[in-house]
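Quick one: the structure is below, and I'll ask about it shortly.
Labels A, B and C are assigned to the chains in the order they are written; within every chain, residues are numbered from 1.
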Amino acid sequence: MIDRLALNSDRINGREDLHTGVVLNSAPELIAQARTGDHEAFRLLFERYARPVMVFTYNLVGRHDVAEELTQETFVRAYSNLKELRDETKFSTWLFGIGRNVVREWIRSRVRSGGIDLAGAVADQEQSLELSPADQLAGKELNRAIIVALQSLDEDRRVVFALKIFNGSSYQEIVEITGFTLAKVKTELHRARADMRHRLRGYLENR
Amino acid sequence: MKCDQCRSTLEAYYDGELEDEANLKMALHFEDCAACALLLQELKGEGEVYLGYEPPVEIKPELWAMVQSRIVEKRPALSTGGLDRLQTWLRTNLAMPRVSGWATAALILVAIGLTVTFMKYVRFEDEPPVVSFAQLSKHSLPAQKPNVLEKITEGDNSKGEKLKSGLKVHQTSVSNRSKTASRAVKPGHTPDQLVREAEQKYLAAIAMLTRTVERKQTRLDAPTVSRLEQTLASIDRSIADTRKVVQKHPSDPVAVQYMLNAYSRKVDVLREMVGR
Amino acid sequence: MGKRLLTHNIILARLLGCALSLLGAFLALSVPLEAQTRERHFGQVNINAGRGMRIGVDNRTTGRITVSGWDRDTVEARAVSTRGTEVVVVDHYNNGGVISFDFIGDYADLDNPGASNVRVDTPPEVDGKPLKVHLEVRVPRYIQLKDIEVWRSEVEINDMDTGVAVSGDRSKITLRRVNAVKVHTTSGDVEIDGVNELASVVTTTGAIRATGSRKLIVAVSITGPIEVKCSAGRVDVSNTGAPIVLENIDGDVDAIATNSNVRLSSGVREGGRYYLKSMSGRVEMVLPANTRGFDAVLSSYQGSVESDFKLATKLTADGAQNRRVAGRFGNGKAQILLDSFEGAVRLARVEAQSIPTCK
């Protein structure tokens, strides 16, 4: 279906390689196409949003393997519930809302089975992957300190902090993603900042 | 403005969440109050530390494969036309919980049946006509009025997540329309946040393109690969250098532009490699 | 003997010349370079101007500064406010023969209006806010203006044959019919109209609006929108988070945005180059239907690519992403390159009269 739309044009003099008035797929069309079961369209959505979602889930759980599973679950649920999305321009916020619920369910299940593994988060940092030059620029020490500090935050605080500081979400977007009231978002963010400030004081003082 | 007032809105100011008038009051206060200005500087300093954070996240090709294998048997529930429209209408105007179309239809039929039964066996002086489905659909609350939705929301805090999120989406779209964005910039985004967002976009694009290139790398000959890698290394050095400057001077538009141009060049080279 | 004497005299003369030069240099260096005086004038100030003179302007308040060029050989300055006449502080410099005057708007002590040497330390207030004193200066068009540095005062400069450099934090800067321009603000908007030579404008969050420029415009902003219209020269603009709108550009165009849209509505000239690019915004070029011809490369990695012109195209990539269309229309004598990573790219065609003309 994608290919058919991609070549919705007139050929010139029967030549395969010459076309006029080319009209190709646009992003909003991808969501509409994915709704009808078009996997290719959904794959393109995945390509665009997989990394931000995975960064979000990683910030919340601190483990790459877990973040990968939860990201997978997020997209599977998003695919199943695409019809629930009314406003395509809100796809990102909606997707992050699903991601947040997926993470919360995982945390609940871990709590029931015996606690979150903080050591696992630290161990994961020590085996962090080589990626883009930006990763090298950042410095592993700081990365590790931030991840450990994040994991020690209360869950609600961690979500709000990750969305605001690392995702750049506005307060209103955080309200939509988490279901918190605006007052709670502000309070949790304030407390999260204070907690992180305390835990990262060595890095902050050296500036 | 007094200091305690300033401090209570300091974070919102830094996060770009205040309206223009409040921003101006804050800015004027910082001119006169060194203590509050220092607090703002500390907040900015923290922001710069977090700017250096790069989570070690990689999207492996297998991830899509796993998603695909799970969705291949699922299909999003297709629109059933009238049933979906009815469901949407009921949800919007009567705050009905989110249930499937068939369940909604079943509930309506049950409601009609009960009503007919009730009307039949209870006598009234003026026997009202049987309420038909068609007539039911004519009676609707005013659609999409924010005050109606707000009232519903206030009473429905105990209802399910999905109902809340649906209403909140609507409220957001109403409140966003009422904000006049004089600069067509996302409301609440400071220059620092926008620059950070821009950088994250480039990084995401670079990561995605790099994976695609790695998959295709075997198609390119060795001298071409070597030449392209040298180009990329040179661009990476530019990115690193310009990034350092921007970290020191985050509000310098020229420095920001140099950095973003360096990222843009890297995206262009990677796109060229993908296209070969 | 005569020849030897002549040679000696020449040597002596040269030695004397060197000694005198050294003495002159010593004297020149030891004489103070500046002779400064400061006067406070209640009411209008008039000074005879001359070529080589330099004029500076400033404002002790957050009031406006207006400088207008005229055809007389005098400089006229006055300061006014809602109260009426205020004080112009005049600083006079003689910098090695280069005469300059700085005019500074200041508060008058209205209790002693004639005592213009009394400085008012506590700003008078109006409606709970400090009173604004507006400085108005008229100068010969040929006068060289010193670099202007302001914080919140609005600055307006008109009708100068010389270049102007203004740096303002929150100040709104308006420059009309000046020769060359260099402006830097943090959040102040910048408006330039009718600049003859190079215009360089840099802001962080201010809006930039330029019309009627004759030569190169360079504009950089992070979140301020950029609008350039009716430019005879080349346009080089870049922005991170606000739209770029260009209209009727005769020169080459380089417009780059990151998170915002880029739009150019203009005819193209033969040999012209039009390069519009955005990372995640929409990129659109609108051409009149009577365009003679161009070569175009339209590309978007994740967005759509559309063209209203029938290009003799060769699709170079027709996959689900990384779309690229390259083709020729007409005589192919202009170069158009439209590119976005995430956004849509469009080459639109309208009737020629739909594109507003320049005055």
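In this text, a contact is a pair of C-beta atoms (placed from the backbone, for glycine too) under 8 Å apart; a residue touches a chain by one contact, two chains touch by 3 or more.
Given the structure is predicted, the values throughout are model-derived calculations rather than measurements.
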Task: Geometric centre: closest chain by C-alpha means - done: B
TODO: Return the chain whose centre of C-alpha atoms lies at maximal distance from the corresponding centre of chain A.
DONE: C
Task: Distance from the mean Cα position of chain B to that of chain A, given in whole angstrom - done: 10
Task: Mean-CA-position distance for chain C and chain A (Å) - done: 42
- [ ] Averaged over CA atoms, how far is the centre of chain B from the centre of chain C? Could you give it in whole Å?
- [x] 38
Task: Residues within chain C bordering two or more other chains - done: 342
- [ ] Please set out, as single numbers or ranges, the residues of chain B touching at least two other chains.
- [x] 186, 189, 197
- [ ] Find every residue in chain A that makes contact with two or more other chains and list them.
- [x] 47-48
Task: Interfacial residue positions of chain C with respect to chain B in the complex - done: 186, 202-205, 207, 220-225, 238, 240-243, 256, 258-260, 277, 279-280, 299, 301, 316-317, 322, 324, 341-342
- [ ] In the complex, go through chain B and note every residue touching chain A.
- [x] 11-12, 15-17, 42, 45-50, 52-60, 63-64, 66-68, 70-72, 74-79, 84, 98, 161-162, 164-166, 168-169, 172-173, 175-176, 186-189, 193, 196-197, 200, 203-204, 206-208, 210, 236, 239-240, 243
Task: Residues on chain A engaged by chain B in the complex (per definition of touch) - done: 34-37, 39, 42-43, 46-48, 50-52, 54-55, 58-59, 64, 67-68, 71-72, 75-76, 79-84, 86-87, 90, 93-94, 97, 101, 125, 128-129, 131-135, 137-139, 142-143, 146-147, 164-166, 168, 170-172, 175-176, 179, 186, 189-190, 193, 196-197, 200, 203-204, 207
Task: chain B residues touching chain C - in the complex, by the definition given at the top - done: 183-186, 189, 191, 194-195, 197-198, 201-202, 205, 251-254, 256-257, 260-261, 264, 267, 271, 274-275
